[in-house]
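Pasting the structures in now, so scroll down.
Next come two complexes built around chain A: one with chain B, the other with chain C.
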Partner chain A sequence: MKSPTALWHPRPHQWWGLGLSLTLSAAPHLLRLPLWLSAIWLLAVGWRLSLGVQGRAMPALVIRLLLTLAAGVALYLHFGTVLGRDAGSALLVIMVGLKLLELKQRRDATLLILLCYLLLAIQFMFNQAIVQVLYTTVAVLAITAVWITLNNPLDERTWRADALLAARLLGQAVPLTLILFVLFPRLPGPLWSLPSDAHGARTGLSGEMEPGRISQLALSTAVAFRADFAGQIPPPVQRYWRGPVFEMTDGRRWWGSTETPSRNTENALPFQPEGQAYRYVLTLEPNGGTWLPALELPASIPADVERLHTLELKTKQRIDALRRDAFISYPAYRISAATESELRRNLRLPNTITERIQQLAQQWRNAARSDRGVIDAALRYFHTEPFVYTLEPPLLGANPVDEFLFETRRGFCEHYAAAFTLLMRSAGIPARVVTGYQGGELNPLGGYLIVRQSDAHAWVELWLGEKGWVRFDPTAAVAPERVEHRIDLNFANSGDAVRFQLGENSLLARGLRRARFALDALNNGWNQWVLSYGPQRQQDLLASLGLRNITWRELAWVLLVVTGAALGMLALLLLRRARPKRDPISELYARFRKRLAQQGVISQPHEGPQALLTRIEQAQLPSLAAARRITELYIGLRYAANPDNALITELRRAVNSFNSR
Partner chain B sequence: MPSALEPVIRQASQIILGKEHQIRLALACLLARGHLLIEDLPGVGKTTLAHVLATTLGLDYQRIQFTSDLLPADILGVSIFDRGNGDFQFHPGPIFAQLILADEINRTTPKSQSALLEAMEERQVTSEGHTRKLPEPFFVIATQNPSEQIGTFPLPESQLDRFLMRIELGYPDAAAERELLAGRDRRALLAELPAGLTPAELVSYQQQVETLHVSPALLDYVQELLALSRQSDRFVAGLSPRAGLGLLRAARAWAFLEQREHVLPEDIQAVLPAVIGHRLRARDTLAENGSAAMLSAFMQQPIP
Partner chain C sequence: MTSPVRFSAALFHPWKTLFQARTGRVTGSAWIELQPRRIFILPTRAGLGFAGLLLVMLLGAINYSNNLIFALTFLLAGLALVTMLHTYRNLSHLELRAGQGRPGFVGERLGFQVWLRPGDNRPRQAIWLKAGSASALTPVSLKGDAVWLHLEAQQRGPLPLGMVTISSSYPLGLFRAWSRVVFTHSELAYPAPAPPGPPPPTLAEGKHQSGTQQAGPEDFRGLRNYRPGDSLRHVHWKALAREQGLLTKEFGSNQARSCWLDFASTPEQDPEARLRRLCRWILEAERAQLNYGVRLPDHAISPARGNAHRDRCLAALATFGLSK
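After this line comes the complex of A and B, so read on.
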């Protein structure tokens, strides 16, 4: 038989299959790894494949050893470590590629195939989008087919037959996968957390604002969150998603105040709703931050979320996994309560404030009879003076607001919000900067809003006496389209004024848009149904099945019982079906051999009846005579000319009584 | 009646010590009307085996020593003009005997090899337009020396296929060797050996062998063995239908020796290594052709 340690000479198509599996499983990693690493990988694998296909031997031990060492050292030099998600997976990828170099036994190939599965699984540490899942499904199918081919001694079987068998195997695994998905205990907390470097380069709102921060964020088309409204969707002018609020500034940097405690303990709502309520479910992509950008202003908040005194929502833990929260928000509201210290804080001017700014504000104050008049003058100023709304504003020096207001006059929303706030404070009106997202794209296929990082925005809230905190958007004074339309990022790098997406005309553009929406709807469904299935939703689901307040230990038992029962039933079914229809003579003889085994004479499948009888004689079984008669009958019925079928009855009787010791 | 062959086997075993299985195989080969190839080192008793078989079975015996200058006519015979009668007189060559020992067949040229092999296959000799039948029974034992391949013409696979069986004698075990060393000269013993059979009896046994029953269940087994050789990735090519037929013929002869009226899987297993060992070539060039390792897959094929 084939011993696993025997030298193995795969045929060319088996080499190609191995190459295909390796490439499929490593491709997602290779695209991410440094170029030189990917190049080494491809060279090593290609080299071995070409050697193998030509039937030539593997490279010498020295070469293999040197390559492995060199790759390991280079990897260490590049990453500074071999641990963690990035370096660890890179190490695994390169070592799998080099493992092919020393393939010499069949078990090496099996190991490689298993490593291919592992590589595919590891890519989910980097990305869990549905595209990845579809790719992985196809890749697993291909790798399984290759595995079958590798173990297939038959030449005439085609890749099609192998692929069909693989598909059948995977199909049979689906029910078990579903059971495990639904029932496998999901623990909150860090039991299975990713290595610490796994959340490196995620974008999102930050706890500080500086000139250039939001305009950088706005260059990303990554989805920030999706909001699925039950019923009506608020109009674009009301779509302000509240993020961090900044009250403190040194003239350049803005940050939030920590002086006042959170408002979670207050019983009453910290604002008065006016007008319509909107219900929606907000699915937030993991962003590594702690801000939960709900539509202004949410009435109820999730349990693990803090409502700060400036009314933005902050989670207690970093958002490293997809979040799904239900909200009721009132886009029309009145915040009429403010403490003295709060108002004082929002009047504070940085040391770097210049004469010119204060003069400008004073000039408006003198001309106007009320606060409202000052604000109108300021907004008119932004509107009539040659301000430009651009994603690539010029770099600003030590006093950015002054430079922006009087010299460059080119800026993104954070420039306008900061300048407007300082102007208002100079004119004696309490003002603060609010950041977050504005707008959102309606996906007509899913009926939900997609809000991207490019919708990041900054605006201003002013304290207007009995009217409370009122929202003003100075950006709208410069570029009124901003509120109604999305920024067209195709022109983002031109340094010109921002262009907006004003309806698509060409058929192609509309088709592309549709396709994008369809893909996003798919991703959203994936998020809703799969990725956001966490501990809470598992509990809810189980509760609806009558398993209320179940601990994860009990859940593990449920899982064991359910899978055990399912597999047991399947096994029974298969065993019943798998037993081939044998003729009664063989059946009886098989029973005889089973009973012989119980008496200590274990027969081999390749052992003929006469040879078996000789062994029975040697074993000196007490039932030797019966065994002799059974063998004689069996040989007569199965191998002799003109068998007497009437003897089957005698054979049956003899076999059935053959269990006496 | 088959028990008549048992004394033959016993007699032969007294001269060729410790090789009863090989003697039985050779006898089975003869009963199955096949030809035998013995591949082994010099001095292990190849010639003696052929001689013993010829003597005990009462066959007339000829030995042809194959050399590189042997011509087909040296084997088949020539026609020489007889002045007295005024016509050509055919002088039959050594091939016109019932048992031929073709010694070191791989030493001669392919031309002479194929003269012998054609005669083996056709059981007749055609010379100068005259076809002459060879005697019945007709049995060729060819020997081949595997260790010295310099200046030889190894038989190609297509020619190896003409031999029903290939066996190796191997060294005797310690007990047999002791007896051999201590006992009398084998040639002297051989001279005293009585004939156990007449050629006519042998022919009638050969006819009986052909009538032995082969059941459908056994044919299933043979077909699975053939399929295994064709599906396995260890061999350059699978077994031919001729190999399958040969396997059945040999198994029938073995069953006849075992005094059975029908063939059992055990009979197949007994002759299998000798019948298929020289017809298969392993893909792995390091594996020895016909080695136990190579054939283990066949021996472990489950019996249906």
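After this line comes the complex of A and C, so read on.
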């Protein structure tokens, strides 16, 4: 006999269960850790398991201490820290593995199970894909089943029974999960400052531009954002998504000006819409930056976003979680207001400007009658001279624009935008570089646009007097396909000119394309419904349910009531009493004895049917014949290999009519 | 069908009454059902640890604005709430009754048998029973299962099983549900046999008598009706085969070697010591295959032998002088 707190000796299947739980929860982390660390982890866990299964004691204290110390030092040497997301989670994984080494009590095993759940949660900081969620679901099921096994020392049931029970428990928990997910008051995070690696390295638009920056970004097919249009989708030539605008340069680096304040406070729009308005919801992947690339030009802006004087949108906090914002944009517009200082700033030339750049610009200025003529001459120059549009341009030295214009003549959009801007400024036309994304792929299954990092782009805005700031895309002069088609990254590393995806020929390619769209539509739904659910969406959802402007305190009450109701319903289902299915023959005989008792013959628990019959005979009951028949039938049925249904019916009839004398 | 209501009544019961032992009572060998209102449930230490883990995960989810950590946290919270119901359900409508136990001597552990069966159609897992220092763990199948609880007897006489705590923290150990039942049923503790010492004086007398009667120990004396306790070796099987009923063959030695174990004739003076001596004599007489009777100040048991007879004699010693 053991007491509940006694020392614990897990049986082999419980050891295997623990090993499985640990491996399932640590596996995604181990794939990320350095190989040697993962190998040590697996060895230590495997060693302890084999010791445990053989019923042998845990390794000596010295060995455990040494291992722990060595692992800690190794981690520190690898990461240079033990804090932060990456090093911290690695430390936890290692320590969970080593905890298994010193397992001696039941509560150690319980602690391990809890840590397994924690490891699965932490993995979501690294990966939030649907596949990861499926994996976690399976792992949670397995860990819960193992936990049940650990809690039933007498269990002679199979793992299948435990897994089934785990599935039932989790299945019953799902409605509660949904309620909590939707109604639990969502506070805008973070509560305290996050470690610098909290969200990992992310790709996205940068606050400055250098030759090679955007072409680097454009090599990634990662999704930058998705835009779901209500109604019409703008044509490709109008799909310019405005990111940071650069007015300042030293000839190589470009950055934005901080001289003028934001334009949030203006009542009127800072531009005049011309033509059609497009409504859409933009779901932005976390990019670690502060730029919100809306379609040029958005009329309404979210509350936590600032509209800079150059009309790009900047968030107040780093975008580390999925954002979902509704916009109305006007692709046709006129920006007719500019201050003196703004125009001066956009005419400023860097010190590194060379003679031949200025000569080239001056030559166009002299030949043309208007600004328009100068611009046309410049675009013609890019078109007719042997310029190449390539993702892998040669490295440029101290004066990249000069080198690019007159020597290498191979560049990506940032090279063309920078060169074009400096040429225009040299010709006396105020010019600035706009970066962002251009294009977007329509997912025919979801009816939304997918914009990837490979759609990153740079173009130019020129001040044309009363027409205001007007967009020009010098890249289009070199490679007109860029505006209409996506870059084919299959040929990106050849150093040649960029190739474009002009259409699919083979059936297989079309099939693959369809599959890719289906997968993206799934991811998009996932983003819309799960990942982007936050304080704002919760408010919107509650408002649509009639709970407008609810405080989080009231929401907590709503949550409590709804959860309580759900739990009560589950309790009704679970605790409903199911009558035992006893043997009908015994039931009938028990009824017979009850009726006998009503007539004064009280049967004893130890009394067999024959002895009872003898007493009935002595008591001289009037229904003696019926009692004889019932006893005879009962004994016959009780010892029959296959009780005859007809006889059971007869017994039932006899018992039911027993005291109706 | 009022059980959920009662369940919540038990859950939110005021603390004061929660810890008063509201118990069921098992008398005789009748089945008693654990009533929902008599079942209590509280989180265990593991349950509190789990709550701590959920809190950590929740803070992480808020801090990192990570919806999937939110979802996992809520799934585990839901799991905990669901297991609360399952743990409670593991006990509710469980039926118990006392079974046939094992008496013993003072200083030994008496065996109490408790039968459990579900009062509905669900088998149960990992049910703990605890009474005093004894505990036992059992699953409960639909047919019913028995567990043994062993309690040490401190003094002679009937030892009631008393209060039994039935508990379970199945399936996850996050909550512990318990209920208490008082068993009025008792097992007898016989006086502890005195250390080996002088043989009973009547035994020496009996031997002397057998010597004078000149009757050989194997002399057949005749037949009489079977009495419980007669050795099966002496049953007249042929008569049984002829359907003459159960008859016992009597031998000369049977009569000759019968003896009386007398309370008054023990060397000890203290009544308890006398009982312990008698107990020793009874055991020795039974081992020696003698016919023995016990004479106590208030009543006597006529000579016979066999385990049933021995137990009757020991029971008389055990209850001697105890008011009923």
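Going forward, the second predicted complex is superposed on the first by the 490 of 661 C-alpha atoms of A that agree within 3 Å, B and C clash if a C-alpha of one lies under 4 Å from a C-alpha of the other, contacts with A are read in each partner's own complex, and residues count from 1 in each chain.
Going forward, a contact is a pair of C-beta atoms (placed from the backbone, for glycine too) under 8 Å apart; a residue touches a chain by one contact, two chains touch by 3 or more.
If you're wondering where the values come from, they're calculated on a predicted model, not measured in any experiment.
Ranking chain B and chain C by residues of chain A touched puts C first. Of the two partner chains placed by superposition, only chain C is touched by A:Q172; chain B is not. Judged by the touch definition given at the top, the superposed model places A:N645 against neither chain B nor chain C. In the superposition on chain A, A:Q610 makes contact with chain B only, not with chain C.
By the touch criterion defined above, A:R11 reaches chain B but does not reach chain C.
Of the two partner chains placed around the shared chain by superposition, neither chain B nor chain C is touched by A:S50. Contact with chain C, but none with chain B, is seen for A:T136 once the two complexes are overlaid on the shared chain. Residue contacts after overlaying the shared chain place A:S657 against neither chain B nor chain C.
Touching of chain A by both chain B and chain C, each in its own complex, is seen for residues 1, 153-156, 605.
In the complex of the two chains, the chain A residues touching chain B come out as 1, 7, 9, 11, 153-156, 586, 604-611, 635, 638-641, 643.
Residue ranges of chain A in contact with chain C, taken from their complex: 1-4, 107, 110-111, 114, 117-118, 120-122, 124-125, 128, 132-133, 136, 140, 144, 147-148, 150-156, 165, 169-170, 172-177, 180-181, 184, 186-192, 194, 198-199, 320-321, 530-534, 563, 567-568, 570-572, 574-581, 605. Looking at the complex, you find that chain C touches chain A at residues 1, 3-4, 7-8, 29, 36, 45-46, 49-50, 53, 56-57, 59-79, 81-83, 85-86, 88-89, 92-93, 118-122, 125-126, 128, 134-139, 142, 150, 169-173.
Chain B contributes residues 213, 215, 217-218, 231-233, 261-266, 269, 283-284, 296-297, 299-304 to its touches with chain A in the complex.
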